[in-house]
């Protein structure tokens, strides 16, 4: 039975799709002559009209080449498999190219992992409802029950998976059972548990994390307290892909806010939270729009 | 005779050019299928390697299309005329395209017009000396003699053209005699004289202006005083191309700085000056690198 | 009967009050010697300990003087009337001073007026729930029914007062009946109706409004479209007290966000909304903490 | 003989002093009741008019108290010693207060230490000439000869003290001979030599340093390269007092600028330089105006 609470608000509504024919082609390969021409020639012959193109090479000579192309192809959904097969043979193979084709009309399936604080997850859900984040939030998973009543009015399932020191492996397995194959992206929205290599290997999709950041970094526990003790004038946040190096993955987005001596340590944390939600929402948006290419430990954000 | 002052500092030195083969192609036309493919195919056949490409369409359907392409073509300087002729015939004509080809190794010739304040012109000259603004500053022209001793150590001629209410037409003619045919860009670096339609029509190259900006605008005399009286929290600056609509031309760059009630009106002007020099230097840099396309009353800044 | 929806979330919870003895004294008067000494001497003799003091004079000579003092006085609530009477006689009268004493432990009663867009009101309510905005939101009033289901889960009454061209005076009267005597502050959180002089005179408390802002201003209808056509690089927002001059009242806070040619007009509006909610929340917070003094058409924000 | 170069520009001109009677009193002590009242009462009795007052306590209870007071006292220069003696006895002693009195009309004597890059030192000298930094730059000291021709036109002595691995102690001694007793502040404007404890102990005045900063920090050599490899989106700078902990002293000011994947490592360094000069100039300005109080490893910036 649907509870009155969850039915009282409209379901997440993506921005209206007037055009099911919008596709995105992301490629990367060793840089060299003729790539743009080969890709755009292929799309042209396939009947696709390029509506946006951005490219980047990491060095003037011998760099790595990245390109994001938005195109409109009538009947994309039906034609996509054939398009991929032909592109692989005619363009990707000769250039040693990695590529992916996505359809703008098919929103990514997203799970959000949270602990007890609500600022990041609420901003994501609110932007989704407002049509600013085109994703299908299939579940919010938490190691705490606290946020259930705040999340469910958005029409999203809230799954409580208790995680303690004693049941970590078991809890992780329950999370993997929930996520694997069901989601295209996991967002850690102030999720205060370690992500293990087992989890990373098993989940089968990218993870985006948000954490506080300062100039310089204050490592370890109580970072806001340490920042306060040095008299920092800026507190910030970093959104990044999760890798095995904790908090060291490729950076997607960062921002800061100005503070001064009148701000207490809790004030720093409060202002930091504002930056965190803004930075995470932007990073997630860009990922959903296939704007972020990973380049080793770095990113290209088109 | 060269004065000791002007010889005591090195002449403006542009960033070292290791590659005389770097060219830029800027195009604009009615959007439609096949443009990117046609341009990149042409460059590929001409032996040019695309090193950077950015494009923009003003609307999903029926918009105007803009593209900036950086390419490397061995022997560009010798081949350029032929390249332009062939491109005009094979690509530009069929698509009804406007285009221009520039060589990165040939810095633009720039005149800077100033009145009495030095912050903008000094920042431009310092960045030029440091190799950050790749231009050839052929003269600084002023309606006042005040800044001669600050400008000449940079090795740039300082020309004083007195302009009064009585001799405006004559002074304007002297300026046009100095500038016409000699410069590719005129920068108004806090030049406090009206630019007449006659001057605009006669000078034969783009002009970039900088002026203070607020939210909202405070029109007319004493804008900082008016801003102070409303308690504005931000003061800013706008760099734009000059058109016949005074201070209303296409915007290239803007920025702001935060102020509060403790700042006096002179403080606002001082902080505004810092923003002005930063904004103007960025706008000039982007123009010099052929990154700014004019789109009616607006701009595309690649 | 309370609906399940409204009971499913905790009621707005202000930050915990550990100290009922915290008071604030705001004064303003003609500047002159001895004011700080007189005020601090008075508080000292009254047994109050100054915990924060900020002051400002609008000019080195002959300016207007503003001071905000936070103090701790055991038994403040009981002692306040006597304190005010004595201060009026001993300090305020000799210096021709306006003053007000507030108790930090008594949150202001606030009504939020909205139309159809939710970004500003949700941010205010969420910050209130999180303990970041210490106010008692007694009602949300709207000329549309749309936001009822989003507002009520916060435990705040949502009152729909339909306002049409035909019933404007009547609707205004209904609003005044709801507000007058019941609130200490009215926040216009994207309320798209004219505020009449009658309403202003009748409501009996300050009003804070938020609106979009640009450099320069784009006046009249479709401002984002006009901004897009000029190629603006920043869009912003201004929070201000409402006066009879529409959108021209004393500015409390402003901020901007950077945009470029790739942003469509709806993108500008979306990013502008982010700035609006941030700016409005800051302005309301500062008002609630008695940090904003009005100085003619300007403000002092301590 | 003065060279034509150095005479060709006006000597540094501080902002005009219309009021020799402007003094500043900085105090710090254990927080407790009655301090503001005692200080302001003392100044009032001494015939001084408070024109600006800011105070800060590090904690609601038992914190450390800081206050900066600007006052106008006719005949300040002659009365200052007596004022200090009386204040020490009547106010400072009972409250266990540290204090200092300065005269706004007496600019601080400043030495600037540089190596080979000019962006920070030129900005300081230009702001000084323009009247924005009220200091007396008595010398620029460098371990390299490179910047002599850029510095001397400002009318400031440029002293070259070669420093190599072999003569470090001797070079340090020469620097101390130049500085000790002659300056009130040393600014390290991209000075790329280690500051030894011996130097710190011997120089007898505060030192302000500027260095690049990132979120997170990139420690050791080639920080911009490391930042590039992580894909940072912000590069920044920190100005701080120098202590024995290298680059770890109390922070005075910080700022950042946004970058993206299109910026090369040299671009990051160039943009970082812009932030460095802005941050250093602000930090020096605030120090010159006696706005910065040191609080252990942190600062209070009034």
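Letters are used for the chains, namely A, B, C and D, taken in the order the chains are written, and counting of residues starts over at 1 for each.
One rule holds in what follows: a contact is a pair of C-beta atoms (placed from the backbone, for glycine too) under 8 Å apart; a residue touches a chain by one contact, two chains touch by 3 or more.
Note that the structure is predicted; figures quoted are calculated from it, not measured.
K.L.:
Identify the chains in contact with subunit B as well as subunit C, in label order.
P.N.:
A, D
K.L.:
If you tally contacting C-beta pairs, which pair wins, A-C or A-D?
P.N.:
Of the two interfaces, A-C and A-D, more C-beta pairs touch across A-D.
K.L.:
Rounded to a whole Å, what is the gap between the Cα centroids of subunit A and subunit C?
P.N.:
The computed centroid separation for subunit A versus subunit C comes out at 36 Å.
K.L.:
List the centre-to-centre spacing of subunit A and subunit D in whole Å, with centres computed as mean CA coordinates.
P.N.:
43
K.L.:
Among the residues of subunit A, which ones contact at least 2 other chains?
P.N.:
Only 56 qualify.
K.L.:
Which residues of subunit A touch subunit B once you look at their complex with the stated criterion?
P.N.:
Residue list for subunit A touching subunit B: 19, 32-37, 40-41, 43-44, 49-57, 60, 258.
K.L.:
Would you mind writing out the residues of subunit B in touch with subunit C in their complex?
P.N.:
Subunit B residues touching subunit C: 56, 213-217, 228-234, 236, 238, 248, 250-256, 260-262, 295-301.
K.L.:
Note which residues of subunit C are touching subunit A in the complex, please.
P.N.:
Of all residues in subunit C, those touching subunit A are 3-5, 8-9, 118-119, 122, 126, 130, 132, 149-150, 153, 270, 274, 278.
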